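Have a look at the structure below before the remarks.
When the chains are written out, they are named A, B and C in that same order, and each has its own residue count from 1.
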Amino acid sequence: MPNKALPYLLLLPATLFLLVFFVYPFVEIALLAFTGPEGFTLQHIQTMATHWKFRPALGWTLLLAAVVVPIQLALALSMASIVSTLERGRGTILYIFSIPLGLSDLAAGIIWLAIFEQSGFLNSLLVGLGIIDQPILFLGYQSIWVIFLAVVMAEVWRATAIMMVILVAGMGLIPKEYYEAAEVFGAGPWKRFLKITLPLLRPSLQTALILRTLLAFEVFAVVIALGGTTLPVLMGETFQWQFALQNRSVASAYALVILIISVAATLVYLRALRVPKGATL
Amino acid sequence: MPRHISILAGAAVALSLTAPAAGAQVLFWSNQAAPIEETQRMREQVLSGFDGEVDFQPQEPGPFITRLEAEFQADKGTIGLVGALHGELATYTDQWVDLSDVDLGGVEVIPAFLELGKLGTEEQKYLPWMQANYVMAANKQALEYLPEGADLDALTYDQLVAWAKALAEQTGSPKFGFPAGPQGLKHRFFQGFLLPSYSNSMVTKFASAEAEQGWNMFKELWQYTNPASTTYSFMQEPLLSGDVWVAFDHIARLAEAFNQRPDDFVAFPAPAGPEGRGFMPVLAGLAVPKTAPDVDEAKRVVQYMMQPETQVATLLATNFFPTVETTLPEDLPASAQALGPAIQKMTAADDALPALLPVGLGDLGGQFNQVYTDTFERIVLAGQPVRDVLDQQAQTLRGILEQANAPCWLPDEPSDGPCPVE
Amino acid sequence: MTAVAGTDTARRVEVRSAGRFLFGAAVVVLCVWVLVPIYLLFVNTLSSPQEVSGFPKTGIPSFDFGSISFFLNFAGVLDALLNSIIVAVLTMILSIGIGAPAGYALSRFDFPGKEAFRLLVVMTRAFPLPLLALPLAVLFIRTGLDDTQIGLAIVHTVLALPFAVLITFSLFSGIPVELEEAAWTLGCNRWQAFRKVVLPLVLPGIVASAVFAFIISWNEVFAAAVLTIHNRTLTAFLVQNLNVSPLHLKFAGGAALVIPALIFIFAVRRYLFAMWGIANR
């Protein structure tokens, strides 16, 4: 088989699939953002950009991703390293670490609301321990930073497992001989991690970061559960325009903003963590 | 091993029993009775009496609209019957078949509701399915903090503020609650309760000095409102947990508190302002889309839903009241026993000031609501100057009404052209 | 000399046991962090409605099965469960079947259009699905894919495909090309080399993508609610209205949904390790 055609052949099914089931509906929706009764218009973009919630929604979405993703990266790396190092109980620990994977964001939102709400578990604990007399209101609209913190915790809890599983699978591919050799030369665990694990893990790191960041820009259910409308995010505004206000053009404009920042972030990762064509021994 | 086999056999039997009967079934697409217990009761206690097959499928707003629009666009559908609120049905006025030939057999439907069901056309676009209202509810503990001379059944907004203040100061934390969460029905409060009570208007005097006074009152009330209100969608939960002692909400969203602890709560009318006791009913309707696979069978379901016995069963299932003349049974659940009289007192009060649901807005209903929600968020949450916000939002409001070319509705005076915003 | 060596060994042992202690502590802390919210979900699921909304909470379940049995007795639950499983399995097969070849092509070849394809895959995940649902539903109603399990699986595959492509890409990239080339020189053709050498190594990655595909499909609500009528999935059937349901049922519904997902992850967890890396140690 000629080598030139092979990659295209391998890509063909996925490409055809995406053309029909993604590109076609996507183009239809994306055009809505730029068409009005008289053809091409920037009216909808303007409506979105000048709406008083647009800037906060964009800002909070970016800030959330900027805070959540690095924490998750560090945590996922630690978890993956722990699982790979373990000699006994590896399967069990890996399983425990992956449990949040099974939860929808809806369920995660419900759980964390039960922890932080006024009559929730955290207040029960604090009152029970005698640290406070009266339950504290954590999620009031004035305490936007507390809401932010709660969302960060819930997101870190919920979605770190996604990165971890990808990293665990990637770490498994690193030949153990490398570590043995490094140990012979006296490299400590930290040095081995920096000099062997991280560089060889680059493809998986890149994938984990891309996927996780895409999902972070679409954060919605957890934010709604914990913050109501206090903490506006892009996805929430998209839904608001699409379903409550029934203005599909502005909703489409919001969705395009999500798309653009996602693609931009992906390009950054692709450049920063360039993956060579197959590893070399 | 035998146990496994019996489980499998059980599963197979269950599967064969629940397999949908092809064709004859009417798909009842609803965004009402969505809470899962109400769904269960709608299926088991209301629709089971119909002598045909109905598949009751309540939906979240997003999927509800998306599926409906997809069927309209494809001009081919599976949905036989749609149950939704007045404003939502108004969005698709052209898509419904005329229901005036449904034989109601002497059932007396409340005439005002029938009129609303025409959606400004000559045809009966929907039949009124069920109605509800908004009232206040309080934990009995809160009653001892009532300001002197205040009558619970004839409360004014100033007294409510004083009450909320006393509660906040004497119990150590704000105890008034308001459904300002993402799924809370806050816009209805501003449209139908606050603004009419202060300005005798929903639209025309949106930016008047009287309206400004109303917003200032609400701003003051907000100081004594539990700040978690921005996360509340249903007030029954904070009432039950004790986070909130006094609350305003839709009756269906208060019901659980009364049903769980009937002796701990009281229901009473919404307060009155200088112009009267503004209130606005909630009306849900039944409509048959033109794309319905079997229009006649769907009309039969509508006919069944309008029967007085079905209407009573619907009340028990959803806490929404009948839209037809009927006598209610004695053994109503605690929620209906407490909330029904509160509505009665409110609508029959001397200073009652009924507001109608928005009419003629078509698919701009959502944006109309958003004007009120935005006004609230800007004035009360963001603390922006009341005057400026009202002036700016009035412009948006004017634009919407002109675009929809909608004349005024109660309590505003009838208008020839689009309802003016002064 | 021996004395010095002796203290050195002793210190090393000390350091090692301190390290081991720290390591153990980290494992415990992470497990607690993951498990406590899950535990609280089950506490609220197994409590009476009064306890769920009461204060202060004990944090100990009273084993009230009222809420959970409400779900189990819901008419048609078994049907919906079966539909969910069928759709999830179809999604798994589809997304790996067309995603893995694409991932392999991306990792092994340099060709014009590679970057464009990668961005297309990323865009798929970066655009909010609920907006795509409308044109897709119109398309499905017109073509007869509406209300079929395969139709819904196709939409879920749009969501899962980016995971499959990017994860398999990163795993293939971690495998030295030389390994494959060695197999060719030993007389394998490209396909044999792939099957005998590469496939066993990327199994963890494929399992990871399968886990994601399954769970994405399992937890997806929106498309399921729009695109299935008689063939409702469990989420569309039960969970989409949890948002507006009483608190105790929210928890029970969340728990009812998470259990099958956890069983699935449990069943496949061991395959998440690669063969020649940590699994051999």
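By definition in this document, contacts are C-beta pairs under 8 Å (C-beta built on N, C-alpha and C of every residue); 3 or more make two chains touch, one makes a residue touch a chain.
Remember, it's a predicted structure, so these values are computed and weren't measured experimentally.
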*Chain adjacency by touch: line, ring, star, complete or other shape?*
complete
*Winner on C-beta contact pairs when A-B is weighed against B-C*: B-C
*Quick one: chain A and chain C, Cα centre-to-centre, how many Å?*
14
*Go ahead and note the Å separation of the Cα centroids belonging to chain A and chain B.*
36
*Report, in whole Å, the distance between the mean C-alpha point of chain B and the mean C-alpha point of chain C.*
39
*Could you list which residues of chain A touch at least two other chains?*
118-119, 135, 239, 242
_Could you pull out the residues of chain B that touch at least 2 other chains?_
62, 241-242
*Where does chain C touch two or more other chains at once, residue-wise?*
53-55, 130, 134, 221, 242-243
*chain A-facing residues of chain C, complex*: 19, 23, 26-27, 30-31, 33-35, 37-38, 40-41, 44, 53-59, 97-99, 101-102, 104-105, 107-111, 113-115, 117-128, 130-132, 134-136, 139, 154-155, 157-158, 161-163, 165-167, 169-179, 190, 201, 204-205, 207-208, 211-212, 215, 218-219, 221, 235, 239, 242-243, 250-251, 254, 257-258, 261-262, 264-266, 269-270, 272-281
*Which residues of chain A touch chain C in their complex?*
1, 3-4, 6-8, 10-11, 13-15, 17-18, 21-26, 28-29, 75, 78-79, 82, 84-87, 90-91, 93-108, 110-112, 114-115, 118-121, 123-125, 127-128, 135, 157, 162, 165-166, 168-176, 189, 200-201, 203-204, 206-207, 210-211, 214-215, 217-218, 235, 238-239, 242, 248, 251-252, 255, 258-259, 262-263, 266, 270, 275-281
_Contact set on chain B toward chain A in their complex_ = 61-62, 65, 91, 172-173, 180-182, 226-232, 238, 241-243, 363, 365-367, 369-370, 374, 377-378, 381
*Touching chain C in the complex: which residues of chain B?*
11, 14-15, 18-20, 27, 34-37, 39-40, 43, 55, 57-60, 62-63, 66-67, 69-71, 73-74, 76-78, 183, 233-234, 236-237, 240-242, 256, 260
*Over in the complex, which chain A residues touch chain B? Could you list them?*
52, 113, 117-119, 134-135, 137, 139-143, 224, 226-230, 236, 239, 242-247
